[in-house]
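Chain naming follows the written order as A, B, C and D, and within any one chain the residues start at number 1.
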Amino acid sequence: MTVSVAVIGAGYWGPNLARNFAGSSEWNLAAICDLDLDRAEALSARFGGVRVATDLADVLADPTIDAVAIATPARTHHAVALQAIAAGKHVVVEKPIADSSERAHEMVDAAHAAGVVLMTDHTYCYTPAVRKIRDLIAAGELGDILFVDSVRINLGLIQPDVDVFWDLAPHDLSIIDFVLPGGLRPIGVGALGADPLGAGKACIGYLTLPLPSGAIAHAHVNWLSPTKVRQMIIGGSRRTLVWDDLNPQQRISVYDRGVDLQTQALDSLERRVATVSYRLGDTWAPALSEREALDAMVSEFAAAILEGREAHTDGDAGLRVLAVLEAASRSLARGGDLSVLETAEPELAGGAR
Amino acid sequence: MTVSVAVIGAGYWGPNLARNFAGSSEWNLAAICDLDLDRAEALSARFGGVRVATDLADVLADPTIDAVAIATPARTHHAVALQAIAAGKHVVVEKPIADSSERAHEMVDAAHAAGVVLMTDHTYCYTPAVRKIRDLIAAGELGDILFVDSVRINLGLIQPDVDVFWDLAPHDLSIIDFVLPGGLRPIGVGALGADPLGAGKACIGYLTLPLPSGAIAHAHVNWLSPTKVRQMIIGGSRRTLVWDDLNPQQRISVYDRGVDLQTQALDSLERRVATVSYRLGDTWAPALSEREALDAMVSEFAAAILEGREAHTDGDAGLRVLAVLEAASRSLARGGDLSVLETAEPELAGGAR
Amino acid sequence: MTVSVAVIGAGYWGPNLARNFAGSSEWNLAAICDLDLDRAEALSARFGGVRVATDLADVLADPTIDAVAIATPARTHHAVALQAIAAGKHVVVEKPIADSSERAHEMVDAAHAAGVVLMTDHTYCYTPAVRKIRDLIAAGELGDILFVDSVRINLGLIQPDVDVFWDLAPHDLSIIDFVLPGGLRPIGVGALGADPLGAGKACIGYLTLPLPSGAIAHAHVNWLSPTKVRQMIIGGSRRTLVWDDLNPQQRISVYDRGVDLQTQALDSLERRVATVSYRLGDTWAPALSEREALDAMVSEFAAAILEGREAHTDGDAGLRVLAVLEAASRSLARGGDLSVLETAEPELAGGAR
Amino acid sequence: MTVSVAVIGAGYWGPNLARNFAGSSEWNLAAICDLDLDRAEALSARFGGVRVATDLADVLADPTIDAVAIATPARTHHAVALQAIAAGKHVVVEKPIADSSERAHEMVDAAHAAGVVLMTDHTYCYTPAVRKIRDLIAAGELGDILFVDSVRINLGLIQPDVDVFWDLAPHDLSIIDFVLPGGLRPIGVGALGADPLGAGKACIGYLTLPLPSGAIAHAHVNWLSPTKVRQMIIGGSRRTLVWDDLNPQQRISVYDRGVDLQTQALDSLERRVATVSYRLGDTWAPALSEREALDAMVSEFAAAILEGREAHTDGDAGLRVLAVLEAASRSLARGGDLSVLETAEPELAGGAR
């Protein structure tokens, strides 16, 4: 059984979405919608001339279309998604899910009320490496998560409208959200950045996220590094995993090394005395499949729709990432003070997912 | 011309000092002093039976001894150093220079008043790699320093009496202090740590140091990483340097890559518009000598004495590192809020060194 | 001024050639010729519908076509090239230049007699890394070449019709031929291989090429290695270069390290006594451009035509590589005995190029 | 139960042997023998003043001494060992076991006849990495061995009396002999070298060893490489192992990757048609212990004596390595022609070990 989708927005990301929907046996690419008719038609031509539209309403009025994929500018996500949800369409939306977490909440609530799938396209989560990490953690292979340290640095394009946090950290945050059981729910966000070139925005950023369990997550994002690093260390009570995305021959290493702490006794001053032992076991590097991430993403979108369930990177995931980025901006403005997440919303306050 | 030195303390570090003083043509190892006579004699036997003493006063009363090297526990540094200074001896003291910056100040002031050299044994600064980094920065090869990112992680011994900041960060801080022109003088210190094992102290730590120039220094110290990393990136306006201490074949790489920003015009909203260009030039890895760090340290101590000047890692350097560690502890206790350094002291407030 | 080219053969490699000719400002892609009309037309459609032909004679009869690019099976190279040369066309031909060095000789001779350019498409030679290596050697940066060690191993497809030497070594050999001043002119070829799986052909191969200067070239080619290595070390009397094609951040490293040997005296037995000293100087990694190799190849083809000179990878280069491969097969059949190259031909016997 | 040993030769290697015998609970270091009394006494002083001797006969006449460790120059091994064997002592001898395989044979035969242990000190075989490799192969983890590729290159000291084969290849050969079931028994040895500096001996060497099973072993030894490589790839029918001795964090990697070949049918020309499939499984890096190699070697010597069995690196092992080196020299002299091993001796001709 296939589902039909319209791609809304034929700019930078839309063609990638269209290509993967068109190439999937689970999907029927039914329409391409863009305000710019020429752009829509040029894209359509690459897929056998699927229907084009310049008016969103036309697409939403078509009862044969089950879903829309929104690849328009972030500030329009809210309006487009709400219209699509109102028309009963399932929605996948580019990251960031919206331009404010308030608006993202409205989208999440609307989708829940309408009973449609609202998915955030956190593409990186659908790479074979990240899926493997998620599976290993879910299977308990790492034990309890003790820390996550992510480094994403490179000589990067200084973006005109966003700082390095908003440009790079969404990758780290969406991945951490995806692999941690229960998602990324820090008790606060500390952000310190620097703009040593006078670019008018942070070009170097450090993000620290204390987690409720006592664990900590940290991300270093940097546009000014001459060397490229894409590495995440996930320390667990049983094993520790290192993901080096630039080492295609061994992207994921699982180390059976670690510190075991036993609190055994009180010393003469009545203090707990910890006994420490070390494990220096084997290292294991699982084989990874080679599926394209975006292909796996559209497949998950189809599965969520057909099975009537939330997608793995659902609207709440998009909202959690957005809320952390907003908190990071507040912390940055206050000179790094820990910014407590506004937890009035049940999605963020609740422990269960 | 040789100078004579007594090593005070024959425990863990004293033997290393004694061996290097004994092996240096610039020094005469004159005495070894330890409360434990057996330990002193055992050490003395390895160097032809130099004089031993259990009473510090005996050593200080000897007019043929020019200098003392203090390798006793940190809480005794203050008392031993002040007596030695009062006796007109030059002093090199193990790190940390004292157990509080207040006491370290007294030591610095006393040495200045007495006109003797007070040096901190920041051994790492005397490795060929760190000396080369200092020279390159001093020669302007990197331009203005934009950021320093240091990572020092490993499966480490959980120390009984100090947290990971006090155990590992002194290395990063003393190195940064040594290579930055003017030394390490942050406008604040932000520290966030985690104790996910329940060891009773931070086992993972992130230290963020905004610098007056708009640059930022950051250190990641971690006892729980299964992989060992010892890497420092120093980004400059002209070039960027990466020091990978675990790559003996190429410890230092200097990248002629970077971002050049020219502020050229105002846009229609009267905002400054930055034009960005990228340099993607050559990489250069300087050859390094193979001298033992401690040998270079004792040589610098002799040179400072004979030339009547401050040592490269002087008492102020020890004090600056100590003050940052104290500020880090305060920040940690407050949940990561930036801890402003107490700058009443002229050494820290002043720009000149 | 542009030159016009017809691509002969629309199978595996033809489309890559067509794309690069079409994208070059120096070329006019004039025709595509394939026995299979559908295939020719499908390829033509991607470039605005250039003329198609199924008969080579039609293309060669067209006086507006200056050159042909031959991407047909190797056994047909000789016939197609001779016809094209006879028609006064310049020719670039896929590697191997022909299916025997005897036939390749005829092609080279014919092109010389006709005064047209005959070029071999040794694509790898036009990568930025290989061009840089050639330039560095030509400028004397490495001094005299002492040895070349090439490793090209991977878990590879076992080819149905060729062994690992013919599959992989053409890359190594054409590169060595390209970068060595005067080209690759070994005094012999030793080849040892193994077929431990019983595949019916060598899957592991070692090729040793003594050079007239006393230097040695060696290549390890292997289909059975679980790890991928693409590395060439070129040792020179002044410096040594390491090319690691899988390290995009530092593909080329030039080491100012080496052994200097001075023969200073005779010992008591009247033997020359060598004094050895070591240089342990800096390492330097030149920045490389990012131009596509095939684009540079078609540009060189145009330049050779317009300037009336031999191309960098000319017919002789193709012939030298082919002759070494044939000699390797002979050596392999004789159990590794050094196979002397047949040097009756002046191109191979002569020292000058 | 401890055994008593005398160390013969107090020069370069003797002190290492003495230190490990002295530090072992299995051994009693009973005497040190050297023609130079001062040198013997200086060494003795480091181990509590054990007995010294300048006359070998004195040592051999002592009935309390069970074994001797010979660390004298290679040309004396034969004479010293035969005397010791005649005196009923067990013998461990530095590599090379003798200065000719003929003499080595006499030593092996004499030891067999006398019923004493004759061991070759192939130290590298007792490193944790090599022992693990041996164990993995013995347990069938790699399946049948298909190829061994060893690279041992560095900027090395040009030795006055031996070429690069005799200086470096003994390490590779003794390791291959140790890990291959049945030891290293090639059907021939091909050696090609180069002396591009005019040092009077090969400074670069390639050694190719076809094995009876159809497998191949190859070693690249080189004194002129600016980079240091110590890597061995051992390809097996089930898995392939890579040993990178310069990567302390992951010295051994076992790849469950490979090519599977099934010969399924005959094609129309009655040729066997192979079907190929690829495994791209996990990688596994076993943890290694940290025992010093020489300590494990002296322990194995004791065990062989006490258990009345051959040592793991016995006299035959030393002989096999020596015979390959001699064959390599013959091949080198003949320009690389495969040098067939003289297999009159049953140890080399026989398949069983």
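Simple rule for what comes next: a contact is a pair of C-beta atoms (placed from the backbone, for glycine too) under 8 Å apart; a residue touches a chain by one contact, two chains touch by 3 or more.
Since we're looking at a predicted model, the values are computed, not measured.
When the interfaces A-C and A-B are ranked by how many C-beta pairs touch across them, A-B comes first. Taking each chain's centre as the mean of its C-alpha atoms, the one that lies farthest from the centre of chain A is D.
Separating the centre of chain A from that of chain D, both taken as means of CA atoms, is a distance of 54 Å. Chain centres here are Cα averages; for chain A and chain B they lie 40 Å apart. Between the Cα centres of chain A and chain C there is a gap of 46 Å.
In chain C, 227, 253, 280 are the positions where the chain touches two or more neighbouring chains simultaneously. Here chain D touches chain B in the complex through residues 227-228, 249, going by the rule given at the top. Within the complex, the chain C residues that touch chain D are 144, 146-147, 149, 153, 155, 157-158, 188, 190, 192-200, 203-204, 206, 208, 210, 213-216, 218, 220, 222-227, 233, 235, 237, 240, 242, 253, 255, 257-259, 261, 263, 271-272, 274, 276, 278, 280, 335-338.
Against chain C, the residues of chain B that register as touching in their complex are 250, 253, 256, 280-287.
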